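See structure below.
As written, the chain order gives the labels A, B, C and D, with residue 1 at the start of each chain.
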Amino acid sequence: MTTALRVTVWNEFRHERSNPAVGRIYPEGVHETLAAPLREAGHQVRTATLDEPAHGLGGAVLDETDVLLWWGHQAHAEVADEIVLRIQARVLEGMGLIALHSAHFSKIFKRLMGTSCDLKWRVADERERLWVVAPGHPIVAGLPERIDLEREEMYGEHFDIPAPEELVLVSWFQGGEVFRSGCCFRRGAGRIFYVRPGHETYPTYHQPLIQKVIGNAVAWAAPVDAARPRRGRSESPEPIG
Amino acid sequence: MTTALRVTVWNEFRHERSNPAVGRIYPEGVHETLAAPLREAGHQVRTATLDEPAHGLGGAVLDETDVLLWWGHQAHAEVADEIVLRIQARVLEGMGLIALHSAHFSKIFKRLMGTSCDLKWRVADERERLWVVAPGHPIVAGLPERIDLEREEMYGEHFDIPAPEELVLVSWFQGGEVFRSGCCFRRGAGRIFYVRPGHETYPTYHQPLIQKVIGNAVAWAAPVDAARPRRGRSESPEPIG
Amino acid sequence: MTTALRVTVWNEFRHERSNPAVGRIYPEGVHETLAAPLREAGHQVRTATLDEPAHGLGGAVLDETDVLLWWGHQAHAEVADEIVLRIQARVLEGMGLIALHSAHFSKIFKRLMGTSCDLKWRVADERERLWVVAPGHPIVAGLPERIDLEREEMYGEHFDIPAPEELVLVSWFQGGEVFRSGCCFRRGAGRIFYVRPGHETYPTYHQPLIQKVIGNAVAWAAPVDAARPRRGRSESPEPIG
Amino acid sequence: MTTALRVTVWNEFRHERSNPAVGRIYPEGVHETLAAPLREAGHQVRTATLDEPAHGLGGAVLDETDVLLWWGHQAHAEVADEIVLRIQARVLEGMGLIALHSAHFSKIFKRLMGTSCDLKWRVADERERLWVVAPGHPIVAGLPERIDLEREEMYGEHFDIPAPEELVLVSWFQGGEVFRSGCCFRRGAGRIFYVRPGHETYPTYHQPLIQKVIGNAVAWAAPVDAARPRRGRSESPEPIG
């Protein structure tokens, strides 16, 4: 039923190799845990990581990507500006982008938002409850009205993003904060979804409901086969004068 | 590729029978011209008209409708309030609604908008050009950047609707006006698309590009299989006190 | 510095007279507690209540009102439809409307929204924290980043409203829910602000920060002196044909 | 009645000195023509131009600016990146920005939008009609429902910007195009207004109605005195565990 898409899952892939606690949760890396359910859904999935040449995004990879997932945290600054500009160009052409958790501070997300993307945070093993505030949105298809995560990092408002064009999920945290956790944006012909959970020291991406949100977001962010608008100096369709 | 949907095309069906000029353009009624390409696309389409019992929307018709198209003009007042309330309830539950042209003044559209839905108009055989302002939106998939209609009625701003959640098409008219012609709204779990062209004295719904817009809108407005939110008095998921 | 506005505070004024606990908190009625800081700010404030003739909104009252505040709860159904239609017409002309707490279920708010406006609720003496998600919005001028209320009724998502055009406040509740608590809408030439707190058994409207939000909302919702758009049949500014 | 604001009008100031036709229309430069009505309205206005040291924006100028107007065209690339970053930071803190006409391609506007900001254009001495699509918006206070400009450059859709948070004006062009001509955005605590007209070879900024739009936009974009949100690692207001 789902259209098969060409999906690229990008991961910084540092924590998993340097922190044994993270490595135990994501032994093949966050990217493989994210890729597995997307492969099962029938998508054509490849992965790419920071330390590969061109961060794994060289050659035709971006041109052949319908939807790009992005997880990064401690090494945002190491991502080459040239790659960031190519990703931005592809999004404006129609490629979907799913920015995951700490990708709020990635170069590509900040460039597409135009804001600082700063927020509050705390790692305190606290409960998070994600409430659906847009029932009927394709990204929450098949979900209950709330997703509970027993332990997650807290992200709190004010989250310095442009107002999302569609706000889908809002998080409650045990410590007293709220957060706009599922946010849709359109830039050029491309669609962007920011989804909050996924701190590396918790098994969040093994959670079936979180996998469901991400799978739905991939389908929602798929490029639409539309005429590319002509721009620049243009003849008038009507006679003038 | 398209999911088959249960579509109901509702038409006032008065002009076609009282005005021979309209009858020549739409001999089986506007509803049949609208229904034909949707049937070809594989949808399960039925039609309903004002003068049928319960306006053709009685029994289980609405419950078994995924997307409802609505064309009305001179007899808005004859639509029973009880049916209007049932349509509204179904939209809030997730049924899609495509409001066509003069349906801007229908009871159901005004009820869902909360505004007067008033506008400027003029019938002067003038050119309309509909420009895509949201390339990448599923409703403009496969379309060129502009649709030209040689002769249409003019509708002009200010169109008294709430700001559309997504503005997809803006019309230019030969006489000097502009109009927000393709407008997306969400109400409850349902999606609403207003699309401007379609005055009964012009063959607009025979135009393949207009049929394409409507077909895309039907797919976009399809209900999402989501949990119905629980409402009313609720126990707390967290202990209090 | 603030422009003096003609403000009408409408209150159902039933709980205060039938429930001694409420009467102790609001001895003159919720309307007088709401009116006092608006008078201090220099506005020209009158009050109106359900049991007055025409609910206190007859004659020229609505025509002479720049911003209307509305508090109702148990007697929504007793508000005359004719008055509701007149309020709606005035909002479309530019009058501001501040819908307070249980006014989410008032006839006028539901009519302007086009949705059920339903939600979750619970009275359990729990903490509410309202977080600012739109710093820089005039409605949060002079406020801290968060307002804490020691005891309030809970309202929880999904709140069945159209997506707010600007989302200003999001509430956290001790029991585990979140809520879109400060929501801006525009309908016609008028502005509407929904603000959540204010259950009658708690002294919420005596809280200076809540008074600040309401005072800011009144200023934000003031009518703008704009040309009324011409509608109906219109001559073309450009020659046709 | 208007609050006096500290306004800085920035202009590239090259066309006026190199093209005698432009110099005749704006003998003191576009900036002085823009500044004059703002001074008359009681604002504290200074001007700054590209060829001054630090483009006239060094020292405390930006810190002491409430609203910045920006006109640039042929020399966008000469604006120093460091200044662009400082302007962005000030907008996120709350400074208003009015981007005028060809400033759609300025570094600062593109950075705040995250998109290409590309469009169609044509210089053909054609008529433009700007229609108000948001009556009741403060930016159109005191305006008629339409502004006519006898001769202007054409800008046409698709204009590659994020969907404006409020769309206020839509242009009709004689040659057959439409354009979203008055667009509101919020970034961080700051407000941005893009306003289309103002090609240097036409006397557009001498037009009283265009001056009115710009004056209203300056008032609308004024910073709000709000608490700056705390960000980064945060203690929980509620006890955890």
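Note that a residue touches a chain if its C-beta (ideal position, glycine included) is under 8 Å from a C-beta of that chain, and two chains touch if they have at least 3 such contacts.
What you are looking at is a predicted structure, and each value in this text was computed from that prediction instead of being measured.
Undergrad: Chain A-chain D contact: same residues or different, taking over half shared as same?
TA: The interface of chain A with chain D is built from mostly shared positions.
Undergrad: Please compute the angle of the rotation superposing chain A on chain B (C-alpha atoms), rounded to a multiple of 5 degrees.
TA: In short, 180 degrees.
Undergrad: Can you work out the whole-Å distance between the CA centroids of chain A and chain D?
TA: 32
Undergrad: If you average the CA atoms of chain B and of chain D, how far apart do the two points sit, in angstrom?
TA: 36
Undergrad: What are the residues of chain D that contact at least two other chains?
TA: Chain D, residues with two or more chain partners: 129, 132, 134-135, 145, 156-158, 163, 165-166, 173-174, 176-177, 186, 188, 229-230, 237-238.
Undergrad: Taking the complex as given, what residues does chain A use to touch chain C?
TA: That would be residues 129, 131-135, 145, 156-159, 163, 166-167, 170-173, 176-178, 180 of chain A.
Undergrad: Sort out for me which residues of chain C touch chain D in the complex.
TA: 1, 3, 94, 127, 129, 132, 134-138, 140-146, 148, 165-166, 174, 186, 188-191, 223-230, 237-238
Undergrad: Given the complex with chain A, which residues does chain D contribute to the contact?
TA: 88, 92, 111-116, 118-122, 124-126, 154, 156-158, 160, 162-163, 165, 173-177, 185-188, 229-238, 240-241
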